[in-house]
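Both complexes shown next keep subunit A, but they swap its partner, so subunit B is in the first and subunit C is in the second.
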Partner chain A sequence: MERVFYMTNIESYNKIFMETFNVEESALHDLQYQGVKEWDSIGHMTLISDLEDTFDIEMETDDIVDFSGYEKGKEILKKYGVEI
Partner chain B sequence: MMEHEEGFSLNGYELQKYQPNRYPFLMIDYVTEVVPGKSAKGYKNLSNNEWFFPKHFEGHPNMPGALQLEAMAQMLTVAITTLPGLKGFATHAMKHNVRFRKEIFPGERLYIESKVISWKRGVCRGIANGFTNGTLACEAEMWITIPKIFKKYLPDHGEQS
Partner chain C sequence: MSIMDKPRAVEKFRKFYKSLRKNDWKIGTNLRVLELVYSNACNFKCKHCSTRAPLGENANALMSIDKVSSLADEADALGIFEWNMHGGELLTNAPILFELIKAIKPERFYVFLTSNGFLITRDIACRLAEAGVNRVSISIDSFNPEIHDEFRGVKGAYDRAIKALEYVQEAGMDPYMNITVGHFNAFSEDVENLLRYSKEHGYQTFINIAIPSGNWQGHMEVIIDDRDRERLIELRKKYGNLNRDLWNPFDKNKEGVLGCQTMSKLYVTPSGDVFPCSFLHIKIGNVYEESLKDIVDYGYSIKYFHDYREKCLAGEDAEFIKKYMIDKKMSVMEPLDAREVFGARDMVNGSEIC
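Coming up: the complex of A and B.
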């Protein structure tokens, strides 16, 4: 019988950041927009799209603009019912 | 009943309403079919009079790869700028993955088929294939943007990027 593993929200959230911006988990807490070269304009749009797809949400413009860091993102996702 | 996508063609003059590049950087001549937001197909004819052939290269003229990519990006752009309200908008390249398969010579026609994978918040992800004489000459996966729309969604409104 095949075993299916489900990721928790924090695991999914971290995975998206680590893969999109090529950073280690230990660097996530302080990660900010433009803080690493990968989190540039295209990186930002990739991040938002991946978060929307993963958590099945559609973010409003103001929230996309306010999504300026890893920790800030957790607060914003709460508005969409996603507890990280 | 099958649904039909609404496509139309654009001649060399009409396409300039949707593609802001001009000579010598307009790299498409005719759009045979565009379905706004979905796809655009067409071609670039390459005569001996192209400005780049005399120097790229003397004795062995062929179309620069960068311009093949530009032609594919311009065709993809038309698929976006034909959407309502976007006529005449300038696009910028963000990121491209390109593969060149063979050289393109004077007298040939570069036929391009582009397809929109996604269009969201001023960012288009798409693919294009370029053919000469019926076989693949170049292919690309591209991200192009309309900065005027795109920058509204950035934390710094695009000041640093």
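Coming up: the complex of A and C.
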């Protein structure tokens, strides 16, 4: 029988950042918008979209604009009931 | 200034993203950018000019600032989220350019200026950034300064363009190096040198393919072929900072093609004529006579501009070029009229929509 592994919210959150911006887990804490070349406006849209799909939420424009970094993102997701 | 400082622009950008995703990453009928040739006055004499500015065409024609403002309102309402200020060279009249930026309410758009860079100083770059410009695209034709200068018809053009890119970056705007790639240079070391330079300096590179219009009208030999196209994809993967209108910028594998950007990338001349793209001088309406929405609806009723096309109509589709462009007398100032060019068979569902 196939075993199904469920990721915790923090694991999912980190995975999205690492895959979208091609960074190591150790670099996540300080990661900011435009801090790496992959996190430009194009990368931002992909990030937001992947977070919305994963956590089944739809973010307001103001929150998309305010989503300025890895840590800030955790605070924003809290507003949508997602505890990281 | 980043687009993230412009919530209204982000809102529209996000709708665009979602719509593309829903449409299997095909452009569909999603509007993206309005390119306004505010003035065709120019300080250069470029050999490949698409607006025939070196011939002095249209140098004094300007759209009124009020009209620009109302056009921007219409564009915003239609979801257009990028605004490209085009010439000519708009910095030949900087005071008017800054009035123009204010008139469009730049907080609603990702605003960019297409320039030859010759008149961009550190001060001008800072003022553009403060005014709300997000990106400046500077055209470079060759990594060899002499070739660039000869192509542009002005000595010192290369050095000033390279310096301008630095000033743009320092001022916090997105620096784009625009290069033209045709059959004549797709495999050249010169193009590779430009791409390497752009990447090393943290710029984006925007590739315009050579199009047989403007000063190159009828020159089929400049068109890229399948081998050249493959080469561009190879370079896209190799450098990672290359952009073409019809490529999907969201594709991490650097392979996706959104499709020909006709209509998605509307082009408006100083006299108000609207073209489906900057290189296809076939007018689909005039903003002094109709609403932008009606013009867009009419444009999308023409199957060439409505249906998905993997190749650029004006620059890669040899059949279209031969049929509608090669021997037709058309320019930015004297465009063909789409209502005369296309017949019932060319319309979506095979019947003309009036």
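The definition used in the following text is that the second predicted complex is superposed on the first by the 84 of 84 C-alpha atoms of A that agree within 3 Å, B and C clash if a C-alpha of one lies under 4 Å from a C-alpha of the other, contacts with A are read in each partner's own complex, and residues count from 1 in each chain.
Convention: a residue touches a chain if its C-beta (ideal position, glycine included) is under 8 Å from a C-beta of that chain, and two chains touch if they have at least 3 such contacts.
Worth saying up front: this structure is predicted, and the values here are computed from it rather than measured.
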| item | value |
| --- | --- |
| First, second, both or neither for A:45, with subunit B first and subunit C second | both |
| First, second, both or neither for A:37, with subunit B first and subunit C second | second |
| First, second, both or neither for A:8, with subunit B first and subunit C second | neither |
| Partner chain in contact with A:61 - subunit B first, subunit C second, else both or neither | both |
| Residues of subunit A contacting subunit B in one complex and subunit C in the other | 33-34, 41-42, 44-45, 48-49, 61, 64-65, 68 |
| Subunit A residues within the subunit B interface of the complex | 33-34, 40-42, 44-45, 48-49, 61, 64-68 |
| Residue numbers on subunit B that touch subunit A, as the complex places them | 94-95, 118, 120-121, 123, 143, 150-158, 160-161 |
| Subunit A residues touching subunit C - in the complex, by the definition given at the top | 33-34, 37, 41-42, 44-46, 48-49, 61-62, 64-65, 68 |
| Touching residues on subunit C, where the partner in the complex is subunit A | 2-5, 7, 10-11, 13-14, 17-18, 21, 110, 202, 241, 249-250, 252 |
